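Two complexes are shown next, each including subunit A; its partner changes from subunit B in the first to subunit C in the second.
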Partner chain A sequence: MSIVATVAPADYTPPGIEEFWQPLFGTDGPLAITRPMLLMALSVILVAWWLLATTRKKAVLPGRGQMGTEAIYGIVRNGIAKDLIGSREFMRFVPLLFTLFVVILTNNFFGVIPPMSFPTMSRIGFPIALSLIVWVVFHVVGMKKHGFIGYWKSLVPSGLPKAMVPFIFFLELITDLFTRPVTLALRLFGNMFAGHILIVLFITGGWYMLTSGGVLVIAGGVTWIFAFVMTLFELLVEFLQAYVFTLLAALYIAGAVADEH
Partner chain B sequence: MQAVTVTAEGGEGGFWATAAPIIPHPLEFFFGLACFAILYYIVAKMVVPRLEQIYAERTAAIEGGMNKAVEAQAQAQAALEQYQAQLVDARAEASRIREDAKAQGAQIIAEMREQAAAEAARITETAHKQIEAERQQAVVSLRNDVGRISTDLASRIVGESLHEETRQKGIVERFLAELESGDVVREKVGTPTSSEGDA
Partner chain C sequence: MTGNIAILGYGLSAIGPGIGVGLIFAAYINGVARQPEARGMLQPIAFLGMAITEALAIFGIALAFVFKG
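Showing the complex of A and B:
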């Protein structure tokens, strides 16, 4: 960022972390109502409306809307939940995984769709909330399945030399309690945060150069082309991150309900 | 934290504007949880059951369709077999009828032939009888004629009428009977036979 600052003329301010703090209605502080909260609420309303409207008819021969919903549902139900968790137990996790996928996907797409133009998941509070839910769920179902002691025992693979058991248990404990939820949240957050700041940088920088005149106009045009390309790339990343989050959530649940580790 | 916020607010934008991006904003965190809970409730209670129902109905419809097709195929097969069986029956029937007709025809021909033969035999017999009757008639007639002519001739030769006598004595009859029985003895003319001598 310091490089950008030195190269850019004094009156251009590159986007920074303050870009992501957008309180609304004059509120401020830890209880401020922020723009991503509004987007989150909007996403829930939109997704709920869409899902209810397209499944209302329950047609055996689906219309276009129902077909779209079924396609997304099929990805989560069969492509993720059934394949990873297994056909015996997957069904009770499908609502959770499907909700995760559509919520993350919609909010991620908000990052590049005007007028929302802000990825909700670039505010870490949201990815942490979702990760926490997954974390609680996979621990609870694991303990229900194996019992409280049995669950912690199941973290260590059987047939290990006795001397290795405490060491491996410690590693698995850190993975299970800390690494998994934190990486799950940070991965989503980091991708959305970086993607958004990159696009903002390309657009504002390009705009600055276009309005500066001279040779910079050409550079500005090229920068905007790049901004467009980055936006397309961002669409892909947004989908992938929603998919990866859901996939990993299913994987953790699968690990918890598996008969043997 | 309150102190930090207060001091930061002294600067530009406050604490949250410059806070490290990995510090979660409390209300955003709880709001995210609440929003997720609401959507999860809707999805779990309404959307997924509907979609599962659609899946189940579609599976049932496809399986039903396949069952129907299998059933239709079975029915077609049964109909074909029935048709073929009927065809075989019909062929057998036709063949049997043909055999019967042949047999009947042969029988009829045989009967007709028999009838014709019987008729022919009857006609032949009738003809024979008629001929016989006519012959008898001719014989009787001829006998009368021969007797009368012989008598006439003999009368002329002898010169007198023998009619009365011959009628009375049945000479001619006796003579002819002798002829038939082959007892006639040729006699020399002039020497009367014993019978003539008797007459």
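Showing the complex of A and C:
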């Protein structure tokens, strides 16, 4: 510890939240056009182009592009929507779930693909917007299915002792109105935020150690190897979080349209 | 020694989810080893459980940055 302290001058500042505020155009205030905004727009263009290009000439014997798109579509349609919502009603939610999955996946992958190198979802506003959409959708379809009063009634499982009903209703109300959308947004945000800050820490820390000389050069090299490993791990996490977000959205919708609780 | 105790709080908040995620995947591996054809059914449950458990650690890191001051 003392060797490191004497060799290394203490001017290394670890990355913090200021790493995520990157205005590009306009003022440095709330009206600035920031890097994640640009990346979100780019992801929409990329996704639209990719989906149009691979599905314009639909063939019975699919080409490589169509095959990839169909595989991703298959994950969402069969692996998530059909399994969770049930084969009777799932089809009308597939467009929403597929859009969520593809947009989140593209934006997450931006976190490790070089020219972009910034996970859009590490700004809390983007996951909040997505989870608000899911929140409105699952409440509205639930109310359409059971009626306004019936929907709130369906929160409490039948066959409960009379005295327990208010408590359970209160708990379920908090879960439905508050916990679900907040955790949905925070989970995606937190994973992207923590993953990005970890990669930045490994790379800038490794760079600092490499340039400070002495024994630290070896440590810096090891740190960079770890940065590479963490980037690979981050790829897995990014896919997993897009999958989990879609899975939970489908689960909430399934809970709202289910016949019996 | 300087630093912030919020970061220590994050370390504490990661213990529980760490154990929880370990238990979930242990159960998942056990299940698949006993009945390999149940893999497709167990996989979403396992990842769902992981996501819900892991959320606590994620809240920990978010709050650590919030209370860093």
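Following the convention adopted for this analysis, the second predicted complex is superposed on the first by the 251 of 261 C-alpha atoms of A that agree within 3 Å, B and C clash if a C-alpha of one lies under 4 Å from a C-alpha of the other, contacts with A are read in each partner's own complex, and residues count from 1 in each chain.
The definition used in the following text is that a contact is a pair of C-beta atoms (placed from the backbone, for glycine too) under 8 Å apart; a residue touches a chain by one contact, two chains touch by 3 or more.
Predicted model, so just to flag it, every value in this text is computed and none were measured.
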Which superposed partner A:189 touches (first subunit B, second subunit C, both, neither): both
Which of subunit B and subunit C A:59 touches, first, second, both or neither: first
Partner chain(s) touched by A:20 [first = subunit B, second = subunit C, both, neither]: first
Subunit B versus subunit C as contact partner of A:138, first or second or both or neither: neither
Residue contacts with subunit A in the superposition, subunit B compared against subunit C: B
Which of subunit B and subunit C A:118 touches, first, second, both or neither: neither
First (subunit B), second (subunit C), both or neither touched by A:101: neither
Touched partner set for A:93, first subunit B, second subunit C, both or neither: neither
Contacts of A:51 with subunit B and subunit C, given as first, second, both or neither: first
First (subunit B), second (subunit C), both or neither touched by A:28: first
Touching both subunit B and subunit C, residues of subunit A: 17, 186, 189, 193
Partner subunit C, residues of subunit A touching it in the complex: 16-17, 79-80, 83-84, 183, 186-187, 189-191, 193-194, 240, 243-244, 247-248, 251
Contact footprint of subunit B on subunit A as seen in their complex: 17-18, 20-21, 23, 28-34, 36-37, 40-41, 43-44, 47-48, 51-52, 55-56, 58-60, 62, 66, 69-70, 73, 77, 91, 94-96, 98-100, 102-103, 122-126, 128-130, 132-133, 186, 189, 193
Of all residues in subunit B, those that touch subunit A in their complex: 5, 9, 13-33, 35-36, 38-40, 42-44, 46-48, 50-54, 57-58, 61
Touching residues (chain side subunit C, partner subunit A) in the complex: 44, 47-48, 50-52, 54-55, 58-59, 61-62, 65, 68
